[in-house]
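Each of the two complexes below includes chain A, the first together with chain B, the second together with chain C.
Up next is the complex of A and B:
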């Protein structure tokens, strides 16, 4: 019973957070909702990457590639052919989105013979190739990708309800619900689903096997874990989360362009999960908020912030400053708080409860990045 | 129950012959010890048995089943579990999760079912958690069940390794120096635990060990390796008076009239005292 009582503040916190996010479109202006959409899309991708890098200990730079597969996959499957430039299959948007995720998973599976045989940094290097191959294809496979200028994101319509437009007209509490407001709920739903799936995986049989593979491949193997299969499953699942994040990004940005899916995006994803705390779902979401929202916030207030120049004027602009900030945050986290913001949260909670000892920060068997699983 | 048979196994690392046509048989239901000086090939032997190394020649059989070409997780599923000399636990995971990992091959939950949190998955988790409780009770780890493995003291981590191997419900348990670095009291506890495992869980035990006292106390049969060759195979009592074994541990047979001649059994860690 006391256990249940102790959960009350946690549950209350969740209820409050969900309520706040649910009413946000009524009070927050479109700029912030738009920033939120991009952030939510990033959070879905970060949750997927933390399964692979945080839990299974496999470094991957290919995340941007799989996001591109999801984004372009959706645009290709559900888009319409426009005369002479791009082709599209015009399948219903829901099927197009699911198909894009499936294609990302299938490509992850196709790469898994490599992903399941390499470990850590070696997979990181091998996965770089996917980003470059991806960039080449995005620029040159113009009938599918639209080349340098990309292609527009097809509307997301379910049973006549347009999530990316104003059809049918909808006004709630005096606020007209346009594309941003509608997408907000759709994206939140997707994020909640992604977090739930990832949490279940991490707490279950698969998560235990991934963490054992990360800590000792030999031990995992002699305990009956098929190591290659475990690494492959983490890679495929993380690709599918990236695919879903790609679809959400495409919807949020209204247009898919190749520049967005470069190596820098992969590195930003790695920064997210390190800042948030490797292997933690809540950490991945927090890290995504930090890394994605920071440049947008800085750009918004660049007029009042000292030292921030307008973009393109030659000085330090908002996106560069944001990169400095999260670069510094990564260094700080690794030096001071190896299990990231999630670890900080756990420590505060356990201090409040004074029941369980704080998780190890270092020690002979603790891994360098302090990758504790989610505390149940 | 079937015997574990090692037949002419040879392992080379470059020019170094780590195991040279080694053969022995571990009879079901016994405690069998493999001993030898440093570099004799004891750990290599365990690595071959558990599938971590593939021998250049020779075979390993469990009953009629050949293990030599199988990958480690297949061998684990056939009922051979092992511990490591240098503890290989998942340090950030709790004792319970480490033990549940040992039950990985007994569980069926697939990725989709786990991700969706189906009721069958939670039922399975509950069932296996109950069995993990029994194992921690059996080995005295219950008080630590929710602690991360890395935070346990050395002796408990050693015992957790044994517990995790038992969680696989093995037919054969391979122990790589289970009492290395332990004091007398901890060694006695571990010896009792090993004998209890054999008696109550009906598990065959193959033990690689330096501690001669432990070997003579609990082993039914001993194989002695030296520079990768088998130099003795027989009862612990016979071992302590075997000239080859004494020579291996002394680096040469002492002349019997030498004033420094010591009784072999004293050198080998105390008289066997004829316990069995």
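Up next is the complex of A and C:
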């Protein structure tokens, strides 16, 4: 079979997936679209974290902090001052979103002297501090963050078209397009951009340098890779992805509150990328779908499922059950399948075309899990 | 002035509690190279068992049960997970403990719910008045118990066969095992000791003046992580010093928070992390940590 023919099913699969996602707002009800928005935002963040943890091998708990920077940065830059409580600069929303991502990157850069000096595991513990310091700032810088109650997300309007409202009115195939439907396409676009960017980074010079640093800092330095710079660049880029994810979360949730950006969110991000397969872009997206959508799905069907108690009853409710599931999934993945769902997918694919030998282990998606494999 | 003395005592007692947590963390890291992110949840498990059983079996028996529960949790993590993952990278091992932490923390938070559990300790909210100063008895008990445990643990590491084996394994696991040291036993004892120390710390973290065991006790325990990092991740003495530094920093910033209002409310909660970042900028492997050398 020629190479081009072999790619036909892959391309067909992508076309089908894109088509399905594109027509989803016409058929799926608002609850699932809303769940989808949160999931897509998480996926963008997970793709960023997999660059840092998966490719560069630097464990970080700081992701929730950079998400918060993105979310609040957007709310501050594009929001309007409301009397006496919060201030905002009223920048046009597109610029505000770009600015928020830039601020997240700048703060990542500010922390990178710490990040790039520390070996992987020290960074993991040190990055805990950003989450807690971040929580402190979110609660106390009330004029910017609105304190405990947070602040509303400003509308995202581009050239008079409101992505977070109903201006101008729009009806496609009998479906009125409100905020959720519009944000759906905006978020998908952002996710596609994030995936493409991450894929190119991983395939290019930066990705090779990161993997080299992950596998051996000494060898990387000998090969002419600037280790500090490499670690810092992974940290900055991953915080920019987190900033973008923060903007998307803010838009999806309609309001930014400090509680959302706690340590649990960072841990969820780590669970996503481990379950999906460290270093794999597709894996990060799959993991994000699993971890984010699971509690929502379980809550939705809690009436039908046995074992699932109602929220607040003290029994095992949907969110607790979801945490059991992804906590156990993390442990299982490390024990039996270190390259996660992405690795599982590759194994199934190579078994399906048994006639051809398994693909050589190269390229960004082929051997991502070195960070979890055996040490020499 | 009396305020300062009371704050110093409170900081020392908090610091000695953090030192207990940090020592358990360090001994596990030395013996098995696992950065144990489930430590906070193990601590909470021990404290929860004490709070849940004291009314039926009495406080002393409940403490024994709590220590046993935490030690068993350590044993299970070691036997079921860490042992199978030997020779994997630090990150893989750390992530496994994160997975355990997710499950354990979710279950404990669900059980505690929105309540604040009483620990049933004999000290209650008694205070001791000396020369115009007022000290909570529970805090003094924490210092006394922690001192005894730190000394006992130091002796364990320094003088017993296990201690020598553990230090040998930390220097060079492969050579140690060739010399006849059973690494599996070293690792088992380390995990169980860490569990016991964590449970004791959990008990004192939840007694007066803190209101009791709440669903976020494992997050409070995370403040011992800065203690570990400040001291250096592979130094037991560093764990004690780091614990005291962090405890004092937290107590003093919380005590003088009225004068520090420009830095915001609840400053005591973040002081440990601020100290940690400052120390790391100065010394990337903590105050007493081994500088990592790489040989080519």
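Points to keep in mind about this one:
FYI, the second predicted complex is superposed on the first by the 352 of 376 C-alpha atoms of A that agree within 3 Å, B and C clash if a C-alpha of one lies under 4 Å from a C-alpha of the other, contacts with A are read in each partner's own complex, and residues count from 1 in each chain.
By definition in this document, contacts are C-beta pairs under 8 Å (C-beta built on N, C-alpha and C of every residue); 3 or more make two chains touch, one makes a residue touch a chain.
Source: prediction; values computed, not measured.
Counting the residues of chain A touched by each of chain B and chain C gives the higher count for C.
Touch criterion not met for A:92: it reaches neither chain B nor chain C. In the superposition on chain A, A:209 makes contact with chain B only, not with chain C. By the document's definition of touching, of the two partners only chain B reaches A:237; chain C does not. Contact with chain B, but none with chain C, is seen for A:227 once the two complexes are overlaid on the shared chain. In the superposition on chain A, contact is made by A:218 with both chain B and chain C. When the two structures are aligned on the shared chain, A:178 is found in touch with neither chain B nor chain C. Look at A:201: by the touch rule set out above, it reaches chain B but stays clear of chain C. Of the residues of chain A, those at positions 218, 222, 371-373 touch chain B in one of the two structures and chain C in the other. In the complex of the two chains, the chain B residues touching chain A come out as 50-52, 71-73, 75-77, 81-82, 84, 87-93, 97, 100-102, 104-105, 107, 109, 111, 114-117, 121, 125, 146-151, 164, 168.
The touching residues of chain A, counted against chain B in their complex, run 196-198, 200-201, 204-206, 208-209, 211-212, 214-216, 218-227, 233, 237, 356-357, 359-360, 363-367, 370-373.
Contact residues on chain C toward chain A in their complex (touch as defined above): 35, 81, 84-85, 87-92, 94-96, 98-103, 106-107, 109-110, 113, 219, 222, 225-226, 228-229, 233, 263-267, 269-270, 273-274, 276-277, 280-281, 284-285, 292, 294, 296.
Those residues of chain A whose C-beta lies close enough to touch chain C in the complex are 53, 57, 59, 113-114, 117-122, 124-126, 128-129, 132-133, 135-137, 139-141, 217-218, 222, 263, 267, 270-271, 274, 314-317, 320, 323-324, 326-331, 334-335, 338, 371-375.
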